[in-house]
Amino acid sequence: MKIRAVIESVIRPSRVGYAHCGLPCGVYDPAQARIEAESIRAIQQRYQNAANAKGAGETVEDYKTRALKIKEERAEMVRNHLWILWSDYFKPEHLAKYPNLHELFWAATKEAAAAKQSEDPAQGEKLLAAIGEIDKIFWETKKA
Amino acid sequence: MKIRAVIESVIRPSRVGYAHCGLPCGVYDPAQARIEAESIRAIQQRYQNAANAKGAGETVEDYKTRALKIKEERAEMVRNHLWILWSDYFKPEHLAKYPNLHELFWAATKEAAAAKQSEDPAQGEKLLAAIGEIDKIFWETKKA
Amino acid sequence: MKIRAVIESVIRPSRVGYAHCGLPCGVYDPAQARIEAESIRAIQQRYQNAANAKGAGETVEDYKTRALKIKEERAEMVRNHLWILWSDYFKPEHLAKYPNLHELFWAATKEAAAAKQSEDPAQGEKLLAAIGEIDKIFWETKKA
Amino acid sequence: MKIRAVIESVIRPSRVGYAHCGLPCGVYDPAQARIEAESIRAIQQRYQNAANAKGAGETVEDYKTRALKIKEERAEMVRNHLWILWSDYFKPEHLAKYPNLHELFWAATKEAAAAKQSEDPAQGEKLLAAIGEIDKIFWETKKA
Amino acid sequence: MKIRAVIESVIRPSRVGYAHCGLPCGVYDPAQARIEAESIRAIQQRYQNAANAKGAGETVEDYKTRALKIKEERAEMVRNHLWILWSDYFKPEHLAKYPNLHELFWAATKEAAAAKQSEDPAQGEKLLAAIGEIDKIFWETKKA
Amino acid sequence: MKIRAVIESVIRPSRVGYAHCGLPCGVYDPAQARIEAESIRAIQQRYQNAANAKGAGETVEDYKTRALKIKEERAEMVRNHLWILWSDYFKPEHLAKYPNLHELFWAATKEAAAAKQSEDPAQGEKLLAAIGEIDKIFWETKKA
């Protein structure tokens, strides 16, 4: 690793991310799920305020239609990022230490599915909280 | 915004991410490109060490083949995240302040393409550095 | 065909299907995961017999390269079908009756990931057996 | 092949599924098209009953919008599964025995396109019938 | 190369296309972006005339919903084709000759994003004009 | 339509393209299939000349692996473009005039599948010729 990268990993620890690929490459980061969930919450907020949020060349109905389409897809991205963490990153030794791991992921992925049917930003907030719990455990296991 | 989220945005500023959707939802974050680029660098490292990194049920050649396939796809993800930032997030007022913006993105997306043809982790390091420059500008504009 | 399936094909003549969509539409079927896993096993068998299985216009190495690429993608399809069943179809009342449900899905999706790294048809057989266990529970819950 | 698999291939021949991959792997099954078409029919039924089928956090209009989006995608999946069967599984000797093969696939893929524009479950029923005809021929050719 | 192809390349030069792949294969053609943009303009025209353009089995609202979904996706395809031209085909020597190259692509990809929010065929016309400018430069560089 | 577009459609008839979307939007163009097929032929040519075509940071084997992956995907794109033309653009009245229409598409999509297994540019040439026959009929029907 180059010096620059080493220094970065010391002074900006929370910026070092971990994502997934199927090699596996060992890079994972719950931020991927969180970022998409923040997009969902932002869409729910804009949906509630569609008259102001919409573009000049579209109706409120058009805008809501697009919001629903995009939210649906973002929700599936959240789920995909979470499923990969669950199936690939977490190992039996983690489960031994965090016995509610399966329940957390089951609840979070069900909450992400619920986001498809909800236009309420409070729902997006709940989804973010569920991801936050997983994120907390993830980083504890990385430090361990 | 709930109190919990407000507090989080204060005490964990670098964790607040910004991603994209085509609504637009206003959520962007260069971390999405960076995470995929870290995956690329990790794949390049493993490729160099394939005999140790490979699974028990595959040959070194098999492993390298899979590494190349996955790296190719990760590189395209990096490019997609960067292109979206360039076309959607950045506005003329940003360009006025950062006149080399186009060049930075052009170079970074060309570096990501180069990652498809390189098995050298130093190349992945260069890609991460290019994304790092964009990341720096991005966060400066968010603070402005 | 098992007796159960034979009877079903008579009294419910092939029209009763169970697949997924995010509405949700209520249609699910573990056959989707199974079919992709059968493809994986077939690819593993052909990989072992590449000299005979390959096309006239490609080398053995070319054929193996393509086999690895396709298997990688099929494995991810298996995982996606399983994840959707786990997160969308199965409910707390099912878990109460089948307490090992989480473990079954965790093991099956990890086995599907292992398929990416294995060229042994016996591995594909194990994956099919894991899906078979889920399939059995699924149909029991549909009858309940 | 393990003994278990050999026995299975004898006593459960119809459980051996046939899906596609581009190797080719020789695994095909019209069930893939049928399952997606059943999803289409279920969506058309729910669309007609949107007020009851919708989630608590969405309006009838929201629900219908999502139903249309998902149906559109399911219809393209049906078409893709059918096209692959037509181009990859079926050979000239099959056409010699079933001279209307091209017409059946042409009609079925056009019916799947029609599903995008129809909210009537009777249309989905017609699509399922068209797939059923292909399924019947497919299994006759497998037995031959 | 067969005689037929040689003759064609002489008498129908504008039919010889250039598309992209990540090898790179050296084949590019702005026609790919243009064709998708023509689809966008056609969708905008049909949206304005939805009562006549819609199918018999769908409402005007249904038709508009589908139009918006498809236009959104076509717009992203336009962007993707343009981004690839910008990052992969164009080189520093082209930029030296066409100093407004970055601006042209920035404007065109922003116009394609605007297509998501506009139901006005005049907007699609503007997008096609922006692509036309790029197309003109592209073919000049191919001749050079 | 603006004057500029009208003039263009007169002086550059072969540049006016027709692509597909599922609305339908009425825009189709066999050029989409042709461009991808030209990419396939270019990949086959480069495969034969891999030592010269490869990047500095990759081995000949790496380059061939990437070529095979990309060709596989381009072949599926060709097929998809052709299938859409066959199922969506062509109508019974076209078939009445061109009775070999089904056979032409069947052969062309099978030739595209063959491209996955062939590294010979002459095979890509055959695929282009098959697409050329369809292209000829397509434009005759557009003029009729």
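The first chain written gets the first letter, and so on, giving A, B, C, D, E and F; residue counts start at 1 in each chain.
Everything that follows uses one rule, which is that a residue touches a chain if its C-beta (ideal position, glycine included) is under 8 Å from a C-beta of that chain, and two chains touch if they have at least 3 such contacts.
Worth saying up front: this structure is predicted, and the values here are computed from it rather than measured.
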item	value
More contacts between chains, E-F or B-E	E-F
Approximate Å spacing (C-alpha centroids) for the pair chain A, chain E	32
Chain centre separation (chain A, chain B; CA means) in Å	17
Interchain centroid distance [CA atoms averaged], chain A/chain F, Å	38
Where chain A touches two or more other chains at once, by residue number	22, 61, 63, 65-66, 69-70, 72, 116
Touch-based graph of the chains, sorted into line, ring, star, complete or other	other
Footprint of chain B on chain F - complex, ascending	54-59, 61-63, 65-66, 69-70
Residue numbers on chain D that touch chain F, as the complex places them	22, 24, 72, 75-76, 79-80, 83, 86-88, 102-103, 106, 109-110, 113, 116
Residues on chain D engaged by chain E in the complex (per definition of touch)	61, 64-65, 68-69, 72, 114, 116-120, 123
Chain D contact footprint on chain C (complex, rising order)	1-2, 5, 14-15, 17-23, 25-27, 29, 31-32, 34-36, 38-39, 42-43, 45-46, 53, 66-67, 70, 73-74, 121-122, 125
